[in-house]
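Per-chain numbering from 1; labels A, B, C, D and E assigned in written order.
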Amino acid sequence: MIVIEDVHKSYGNQHILRACSATVSLGEVVVVCGPSGSGKSTLIKCINGLVPFERGTITVDGVSVSSPKTDLPALRSRIGMVFQSFELYPHMTALQNVSLAQIHVLKRSRAEADARSEKILARVGLGDKRDSRPSQLSGGQQQRVSIARALAMDPQAMLFDEPTSALDPEMINEVLEVMQELALEGMTMMVVTHEMGFAQRVADRVLFMDRGQIVEDTPKAQFFTAPVSERARQFLTNVLTH
Amino acid sequence: SSAGAQEVDSIVKKLHDTQTITMGVRDALFPYSYLDDQKNPTGYSVEFCTRIIDDIKSELKLPEIKIKYVPVTIQNRQALVANGTIDLECEGTVNTFGRNKQVDFSSVSYVSSSQMLVLKSSGIKSYDDLNGKIVAVATGGSSEPDLKNLVAEKKLNIRILNVDDHAAGLITVETRRADAYFSDNGAFYGLIRQSKKPDALEIVGDEYGYAPQGFMVPKLNPTILWIVNHSMGKMFKSGEAEALFNKWFGQFGAHVSPKLRAAWSTQSYAE
Amino acid sequence: MNYRWDWSILFKDTYMGWLWSGLLWTVIISLASWAVALTVGLLAGTARSAPSRSARLLAGIYIDVFRNVPPLVQLFLWYFVLPEVVPDSFGLWLKRDLPYPEIVTAVVAIGLFAGSRVAEQVRAGIEAVGAPLMPAALATGLRPAQAFRLIVLPLGLRAIVGPLTSEFLITVKLSSLSLTIGVLELTAQSRHVENYTFQGFEAFTFATIGYLVIGLCVTGLMRFIDIRIGGAALRKTPA
Amino acid sequence: MSDFDWGIIARSSAFLAEGMALSALLVLVATVGGLILGFGLALMRLSSHWLLSVPASTYVTVMRTLPLVLVLFWFYFLVPLVIGRPVGSLASALLAFVLFEAAFYCEIVRAGISNVRNGQSDAGLATGLRRAQVLRLIILPQALRAMMPLILNQIVIVFQDTSLVYVVSLHDFLTAASVVASRDGRATEMYALVALVYLAICLGTTKAAEFYRKGLPT
Amino acid sequence: MIVIEDVHKSYGNQHILRACSATVSLGEVVVVCGPSGSGKSTLIKCINGLVPFERGTITVDGVSVSSPKTDLPALRSRIGMVFQSFELYPHMTALQNVSLAQIHVLKRSRAEADARSEKILARVGLGDKRDSRPSQLSGGQQQRVSIARALAMDPQAMLFDEPTSALDPEMINEVLEVMQELALEGMTMMVVTHEMGFAQRVADRVLFMDRGQIVEDTPKAQFFTAPVSERARQFLTNVLTH
C-alpha cells in the first residue's frame, strides 16, 4: 500500500531524514514513535507530498509521490490525514468542515456531501454537533470532527500525526476509541503517537525513529518486550514509567 | 499676558514701562512686508508703521521706542494680535466685518483690487475672454468672493481651481493648469519678480472689487488706535503716504488708484 | 485669553455651506480612496503569497515603494510631476480635461498609498491565520488554488477586519492632505472660515467633531462587519 | 518638460540640508517626547481604575481619529492664545507632534506590555516581587524587545508626517524642496529627489524593523 | 500549614469556585486533579493571592491571604510556585532567573545569590546550564530551572500547577523525579497534575475537583481503589486506561 524507499530530506544543511525505508501493507496499522525532533512528522508528511524530499521514492498504491506526472491532489484525496492541532477550518461549522472537500474534490453535490457528512459525524459520536463552530467544541470533539473530515473522502489509508497530544488527558480516550474502531474495521493506518497503550492494543508493527533514521521496525510484541536498539529501550522506560 | 490684555490701553502702559513695541511682520510678502537680503524687515507697510511709531513716541512723550519685530504668518497673525503679543501688525490685512470682532483695524493703508495674471500667449485680455477657461484663485483671500461676484455678474462659464497660496497660483498659470490667476493685484508684483520668465506674464483685466487693507491693533487700545489713525491721516494729507507708495510700487508702473485716493481723502484731516 | 466666542458663525449660510461641503468632500474622497486601497491592497497582498515569483516580486516592490514615500510627496508627484514628464498633450489633458483633476489625483495618490498598507495587512493575515491551514486543506485533496480560495484567503481576510479599521481611519485622515493641492475638504474649509472670520476655535471645532463622527461611523461599521463574520474569535483562539 | 537639470540639487544642497535637519529634529523630539508621554498614557490605559483609563483612552481615540494637519492648525492657532506669547511655528509644531504621536506610541507600549504573557507577571509576583519590581525587571525588558520593530515603523511614519509642517510654513525637507522647486521651476527634479531620499531612509528603517522582528524569539 | 475555608470565586457571573475547603499540613503532599476547567488552577492561585477571592479565608502558616494588612509579597516569597508553561524570564540566563528574586526580595548580594543558585541548579541536575537562556533549553530542563527558582527562596511550601503537561512524554520523568525527591525530603506540596503514577507514589491525599467544587478529599489509597463520587470514578477510568 505505502512503500517508502531510501528517503532523504534536508532543511538547509540540516539532514532531517536519512535513508528511511518502510512499508505499510493493506489493512496494517503501523505506529511511529521516537523522541521529539526525530523527524516523525516530516516522514509522515512526505507520504502525501506535503513535504517534498530530495532522494528516494515513496509510492502509494503503486503511484509515486514525487513524480512530477503524479496528480498529487487526487492522490492526497485517497489518503486521510489527521493533525496534532486538529487544523479545522474555524470559520465553518463542523458539517461544512466535513463537506468541503467532498464538494470541491469529489464533486459531490452539496446535499449528497452533507448527507454523507452527517452519517460520518454520527459515527464519531458527534451527530448533534453538525452546526457547531470549532471554537464551540472541546479538543476531543474537534479532533473527532477532523477524523470525520478525513473519513468522508473514503480514504484507502489514514495518516495520524500525534492526534492526542494536544488533548486534555480525559479527552484522549474518546479519540483513541474512534481510531481503534477504524483499525479493527481494517483501515490501513500509520500513526505517530506516544500512546503506548494504543500501540499495544492495535498496532501490527512499531517504527522507532531517532535523529532522522528509522532505527527500529519491529512487530509490536517484540518492540515492547525486546527492542533492538538501546535508544528505544531508554525511550520506552521514560514513556511508560510515569 | 492674558489678564493684562483685558485692561484698557495696555499697550500705552507697556510702552511707559518698557519703551518697547512689538511689530508683526511677514517674511516674504513683497513689497508690503518682507525680509531684505540682510534679513531686516522692510517694505511699504513696514516703513509706514515705522513712521507711525515715531508719532507714538512723540504723542506719548517717550524718549525712545525700541521696535521688536515678530514674524507672523497668515494663520497665526490674528491670534497673536488678539492676545496682545503684537501691538501693531504691519502687512496689510483686508478689513472685514468678521475680523473686526477679534481685532481693531487702522485707517486704510492700501486698497487692493482683483485682476488677472496670465501668460501673454494665452490671448486673454479681459474678463469676457474667460469663458470656457480655468481660473485659479487663492482659498481664503479676498479675491475669492470677488471672483464669485464677477462670475455671477458677467454670467461667465469657467472652472475654478483653488490654490493654497500665491506661489501655487503662479505655478498653475506657468504650467498651464489654469489659464489665469485671479488675485489681488498687490501680490502680482512679487510673483512676477519671482518668476523665471517674467516677460511671459501679464496683468490684465479691469480692477475688480474693493478690499481695503489696514494694520491690526489689539482691541481695547483706543489711545494707540487713535494715534495710529491720526498719524496716518497726517501722512495722507501731506503726501508722505503717496511718496511711500511710489517708492515701493512705482517700480512696477503702479499709481495710487482712484479707490485708494478716495479712501485716503476721507480719512485725512482738514487744516 | 482674549477671544470673542461666536458660535453663530457656524450657522451663517455661507460658512455653514462651506463646512458642510468640506465634510461632504472628505467623505467622498475617503470612500473613493478606500475603495482604491481595498482593491489594490487585496490584489497586491494576495500576490505576495502567489506561487509566481514575478508576481511576488512585483507586489513586493509596489508595497515597499508606496509605503515608504510620504503620502504628501506622492500626492505632489502625481499632481506636479506626472503631468510634466508625460507627453505634452497627455500632460495637458491630465491638468485640464480630466474631470475633477484635483479630486481624482488625491483619490489615486491616497488610495495607492493606503493600498500598500492594506496589502501588508492582507499578507500578514494570510500568513498568520490562513496559511497554517494550507497543509490540512491540501491533505484533503484540494488543489493549491482551491485551498487558497476556499480556506486561506477567507480566513486571512476575516482575521484582519480589526487592523483594517485602523487603515480605514488612516485613509480618512489622509484625505485632509488633498487640501495642499486645492481640494476644499473639511480641514481646508475650516481654515477657510478661520481666515475669513478669525473665529478659528469654532471652525476647527466643527472640523474636529466632523472627523470624530466619521471615525466613530467607520469604527462602528467595521466592528459590525467583524462581529458578523466572527473575526475577533479568529484572532483570539489559535485555530 | 524641459531638459532635466540635476545641478539644481547640488546648488540647493545647503538649503535642503537645513530642511532635513528640521525633519530630523521633529522626528527626534516627537519620538522621545511621544514615547515618554505615551508610556504614561499606556500605564493609565492599563490601569484598572476608570478615572485613569477612561481619560487616557478617550485622548488616544480622539488623537487617532484626527488628521495631523488639523492638529497642527489647532496648536498653531491655540498655543499663542493660551500662553499669550508668540511661540513660533516650530514650538507649536513640536508640541503638536509630541501630543499627537504620544497617542500612537501609547498603543505601541500597551501592545508591547500586553504581549508579555500573563504568566510572566504571575511568576514574578509568586516569588515575592512587588508589582513595580515585576514591571521594571520582567515586563518592560520583554515589552521593549517586542516594541522595537513597532517603534521603528512608527519612526518611519513620524518621519513621513514631518512633511506636513509645510502647512504651518516650516521648512522641513519636503518644504525646502518645494521652495526650490517653485523658485527655480524645477519641480520634477526636486520632487524626484525628495521621493528617493525618503524612500531610501524609510525603506532602510522598515527593512531593519522586519529584520529585527524575524530575529525575535517567539 | 495551608488552611482553605469556604472559598468562593466568580469571574463576572460565572461561579468558578464554590465553597472550597481543604487543609495541607506540614510535610504533606496533596495532589489535586479533576476535569479541565474545574477550577484547579484558580484554587491554587488563590493560595498565594495571585487570584483574589470574594468569600472565605485562606491562611498560610496562620497568616490570612486576603487580609488587607498582610504583606502579600513577603507571604508569597515563602511559598514557591511552578507553572504549567514554566514562565521563565526569557531575557535572562538560567542563573539570573534563579537569582533575581533572591536579590530583590531577600536582599541577598549578587554573589551570595549566585552561589546559592548554582547549588540549587546543580541539585536539579542543571549545573552545566547556568548561562543558557530558556530558549536554548528543552522543556524538561526549563521546568527544572523553574523549580530551582522557587526552591532558591527557601520556601516553606511549594505549589505546582500541572508542571508536566506541557512536556514531551520523554521529559516528564526528569521533572517528576525532582518533585519526588522534594516530597521525600519532607517538603509541603500541593500539586495539580494528571500524572496518576506520581500521585500513587508520593501523594498523601488526593483532592478531586469538579465544576468548582472539591468533591473528593481522600487518602491516596482510597482514592485509587474506591473513590466516593461517580465523576471521580469516570475520570480515573478515562485517565488511567489509555
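Throughout what follows, a residue touches a chain if its C-beta (ideal position, glycine included) is under 8 Å from a C-beta of that chain, and two chains touch if they have at least 3 such contacts.
Chain labels with UniProt names: A, E = Amino acid ABC transporter ATP-binding protein; C = Amino acid ABC transporter permease; D = Glutamate/aspartate import permease protein GltK.
In this text, all values refer to a predicted model and were calculated from it rather than measured experimentally.
Enquirer: Strictly by the touch rule at the top, which chains does chain B share as contacts with chain C?
Expert: D
Enquirer: Averaging each chain's C-alpha atoms to get its centre, pick out the one most distant from chain E.
Expert: So the chain farthest away from chain E turns out to be B.
Enquirer: Between what two chains do the most C-beta pairs come into contact?
Expert: Chains joined by the most C-beta contact pairs: C-D.
Enquirer: Can you work out the whole-Å distance between the CA centroids of chain C and chain D?
Expert: 20
Enquirer: Could you grab the centroid distance between chain D and chain E? Build each centroid from C-alpha atoms only and quote it in angstrom.
Expert: Chain D and chain E have C-alpha centres separated by 45 Å.
Enquirer: Could you tell me the distance, in whole angstrom, between the mean C-alpha positions of chain C and chain E?
Expert: 51
Enquirer: Of all residues in chain D, which are in touch with two or more distinct other chains?
Expert: Those would be 73, 77-78, 81, 84, 187.
Enquirer: Where in chain A do residues touch at least two different other chains?
Expert: Not one residue of chain A touches more than one other chain, so the list is empty.
Enquirer: For chain C, give me the residues that contact two or more of the other chains.
Expert: Those would be 1-3, 80, 84, 179-180, 191, 194, 200.
Enquirer: Quick one: which chain pairs are touching?
Expert: A-C, A-E, B-C, B-D, C-D, D-E
Enquirer: Which chain E residues qualify as touching chain D in the complex?
Expert: Within the complex, chain E touches chain D at residues 45, 48, 50, 73-81, 83, 85, 87-91, 100-101, 104-105, 135, 146, 149-150, 153.
Enquirer: Could you list, by residue number, the parts of chain C that touch chain B in their complex?
Expert: Chain C residues touching chain B: 1-4, 6, 9, 80, 83-84, 92, 95-96, 101-102, 179-184, 188, 191-192, 194-200.
Enquirer: Considering the complex alone, what residue numbers of chain C touch chain A?
Expert: For this pair, the touching residues of chain C are 132-133, 135-143, 146, 150-151, 154-155, 158, 229-230, 233-234, 237, 239.
Enquirer: If we count contacts the way the header does, which residues on chain D are in touch with chain E in the complex?
Expert: Listed in rising order, the residues are 117, 119-120, 122-130, 133, 137-138, 141-142, 145, 217.
Enquirer: Could you please specify the touching residues of chain A with respect to chain E in the complex?
Expert: For chain A paired with chain E, touching residues are 35-36, 138, 164, 168-173, 176, 194-195, 197-198, 235, 238-239, 241-242.
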